[in-house]
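Next up, some structures in structure tokens.
Paired with chain B in one complex and with chain C in the other, chain A is shared by the two complexes that follow.
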Partner chain A sequence: MAATDDVADLAPDERAALEALLFRMADDEFVLAERYTEWQVRAPTLESDLALANIAQDELGHARLWYDALQGLGYSEPELVWERNPADFRHSILVELPFTGGDWADPIVRSYLYDEAEHLRLQALEDAPVRALADPIGKVQREEEYHREHAQSWLERLCDDAEGREAVEAAVGRLFGPALTLFVPGEHEATVERMGLRSESLADQREQWLDVVVPFLGSLGVEVPFGPEEDVDDLLPERVGRDGNHTDDWPALHEELTRTYRELGRSDARRLRGERRE
Partner chain B sequence: MSVVSETHETACPYPDYEDGEDVSDLPATGADATGVEARVWDALRDVEDPEMPVSIVDLGLIYGVRVTDGVATVEMTLTYTGCPARQYLLDEVEDAAASAEGVSEAAVSLVWRPEWTVEMVTEDGRAALREFGVSI
Partner chain C sequence: MDLATVESRAEPRAFSPKHDLPEEYRTGATRMLQFHANSEIMGAYLEKPFIRQSPSLDRKLAFSAKVQDEIGHGQLLYRAAEALGVKTREQMLDELANGEGKFLNCFHYEMTDWWETPMIAFFVDGAAMKRQATLKNSSWEPYAHAMDKICFEEGFHIKHGEDVLRELATGSKREQKLLQEAFEEWWPRILQFFGPTDDQSTHHDFMAKVGLKTASNDELRQAFLNSYVPKAEKYGLEIPDEPRIHYDEDAGGYVLEEDDLDWEEFFAITKNDYEPGLNQIDTRAAAQEAVEWVRTSLDASDSPAAAAAGGD
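Our next item is the complex of A and B:
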């Protein structure tokens, strides 16, 4: 498929595949940003507050980019975010899980597992033959770079003593399975592959991710929750999010993040967004 | 944006604006533009960054201006994807372009490639930033 500016040229199944890919990315970033904001003024230091708030802002900015691309396919912001049925969201369950109260290791481990996966996902899209997908990648990767550094340096610090290492290992034990859902294919996967949108398949990305995160955690003395002879797929949760089947925590979070919009009513929300026209 | 403060302490080192891809034809400043396109560039020069008193043209945010049959198309970028003044800035740019004589309609297209880097700030922009208190 040649590079195209005009998504109108896409066949219906190709268009559906592109949309599905964008929804996965946008929803992951949007929901993760929402969760990160829960840590504001609760992180262990002011610097950490700022760092996590900043990371949340980055992720919201990236969510907006991918929702922009979907607007280019004919959707409006209310349809994409505020009025969409929660069951139509396609994020991985990793990003919707509530934090374990007061456990700083949780957002750090979550960010580490997520951002390493996101790095691979974006890398695989750099040469996608659709400009709306490929063009922002460089900018996004550059902004993402410090997310990984932030998570890695915190993991190193936390694992400096036994108590911290135990908290990290417990978080890894809880979050490793949910993180695997990041790589679960959606229903349009075959078309995504045929269109050559990704240079690496999800299965290959998962292998690469395991080759990065398992040795790194190991180097910190943190054991992953599966042995060398065990099948990592055994950790995959029953609900993966990618097919719209979410955990019980999602409807409540969705309710909360759309509450202001619903209370304001459509016209006020539109006015507040400063929209000039329909 | 990430810049080095006047005391030459290293400010927050991220994001790293070095080594972007080849942008030899940027910054675009409209220096070679004529007629109605030159008037659009002039109007855009009056739009300032919401955080700093520097023209968005001198900041290097405008990648191109085209006017065809009275319809102006402005291609621009932002320094940061999470820019909280995005809509404000796009509206300002659209209004400015539409205000140029000979323009009946204006549209702004937001692009992310090539990535904006600090290298895209013009000499005038650097002077304005220094005046404001950031050394660049």
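Our next item is the complex of A and C:
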């Protein structure tokens, strides 16, 4: 497919595939950021509080960037976030799982597993033949680089001591399966492949990811719940998120984060003013 | 340096860690900075739920950044306090957790709804700005220096707060009504931000003489009323009948009947004896306790990676 900066050139199925790809990225970043902000004013030190807040805002900024791209395709912010049915969100379940109070190893492990995958995902999109997809990659990739360093240095630091390593191992045990859902294809996968939007398939990205995270965690003395003889697909949780089938934590979170929007009756006000709705 | 020398040399930014300062000065400056730093942290606690409750992506980003800024201000101010050599940051954070640490009256109240947010983000931050601008002239140089950055960032917070206020004030009838109700609830607390009149203020004289305070409570309250009563009215907010306030032509400003305010509640708050505030303190203490294991783990492993993970 030749490079295009005009999505009007796309056939309907191609456009749907592009949208699906943007929704996956936007929703991942949005929900992850939403969860990270739970650690604001709760992190172990003032410095770690500031650092995680930075990362949350980066992810939220990226979400906005991808949602902006979707707005370029005709959606409004209320349609994309505030009034969208939670079952229409396409993020991986890794990002929606709640944190347990005080379990600082969880956001660190989650960030590590996510950001290594995100790095590969972005790399595979760098040369995508659609500008809405390829243009923002450089900026996002630079920020994600810092997130990976942050997660790695925290993992090293925590694993320096027995209690910390135990907490990391428990988080890895809990989050490894959910992290695999990052690579689960969505409804339009065949079209995405045919259009050549990605230079590496999701299956290849998952292989590369396993080749990075398993040895790194191993080097820290953290046991990964996945051996060389096993089929990694067996570790996939029942609900993966990518098909809209989420854990119960997601609709609850969506309900909570849209509370003010609903209380203010913003959607009714817009309807009365005759603004565009789906 | 003895106290008389300190008083004679108490110019803006006159003293830094290289000076040998008397204990009275160091204790007074520590008390003030600790109060200020604690207030930044407790303010962040109050506003944090509104990151999640923001009704748009832009607001969510702004609220997350604001809460982060407040934590950053706390960090700067604790550092300026530590430089006085009286208390370590750990001591001050522990005191905040165990209920000894004091902080601003307004942050002892609960904030549950979005339409309350401009009460802090516009009015309280606006009041804080009046005080903070004068602290750029503090005789303790690290304090004045911290205020340069803090005032710069607070300027953005107030703009953001004013934007939320404007949006609600020009919104639906219901939004306007909820905003007015929030204003009526918060207005007396905001007026108490500057504390009691100067002749009732215990520490004022000393702090003024050594250049740690460069404006009195009365002057600051006056400056706040003169600029914020018109701002409230501009957004259609009605100033409540009580506490009574009237414009005095001769004085060229608004005059507040201070006796109309609930000083009993105020003084309970200043002693950390007010129930909602105690809740905030305890919630924060529990959250800090839950991550104590990480701090212990960090102390145990002082690796080079530790510095990088701090993200400082």
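Rule of thumb we're sticking to: the second predicted complex is superposed on the first by the 266 of 278 C-alpha atoms of A that agree within 3 Å, B and C clash if a C-alpha of one lies under 4 Å from a C-alpha of the other, contacts with A are read in each partner's own complex, and residues count from 1 in each chain.
Please note the rule applied: a contact is a pair of C-beta atoms (placed from the backbone, for glycine too) under 8 Å apart; a residue touches a chain by one contact, two chains touch by 3 or more.
All figures in this text were calculated on a predicted structure; none of them were measured in a lab.
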| item | value |
| --- | --- |
| Fit or clash between chain C and chain B when superposed on chain A | fit |
| Partner chain in contact with A:Glu163 - chain B first, chain C second, else both or neither | second |
| Contacts of A:Trp82 with chain B and chain C, given as first, second, both or neither | second |
| Which superposed partner A:Gly61 touches (first chain B, second chain C, both, neither) | both |
| Contacts of A:Leu257 with chain B and chain C, given as first, second, both or neither | second |
| Residue contacts with chain A in the superposition, chain B compared against chain C | C |
| Which superposed partner A:Thr45 touches (first chain B, second chain C, both, neither) | second |
| Superposed arrangement, angle subtended at the Cα centre of chain A by chain B and chain C, nearest 10 degrees | 60 |
| First (chain B), second (chain C), both or neither touched by A:Pro12 | neither |
| Touching partner for A:Val140 - first (chain B), second (chain C), both, neither | first |
| Shortest span in Å between Cα atoms of chain B and of chain C, once chain A is used as the common reference | 6 |
| Overlapping contact positions on chain A, where the chain C interface meets the chain B interface | 57, 60-61, 64 |
| Chain A-facing residues of chain C, complex | 41, 44-45, 48, 51-57, 60-61, 64-65, 67-68, 71-72, 74-75, 78, 113-114, 171-172, 174-175, 284, 287, 289-298, 300-301, 303, 305-306, 308-312 |
| Interfacial residue positions of chain B with respect to chain A in the complex | 14-16, 20-21, 80-83, 86-88, 91, 110-116 |
| In the complex, chain A residues that touch chain C | 34, 37, 40-51, 53-54, 56-57, 60-61, 63-64, 67, 77, 81-82, 101-102, 104, 149-150, 153-154, 156-158, 160-161, 163-164, 167, 256-257, 259-261, 263-266, 269 |
| Chain A to chain B touching residues, read off their complex | 57-58, 60-62, 64-65, 68, 134-136, 138-140, 142-143, 145-146, 273-274, 276 |
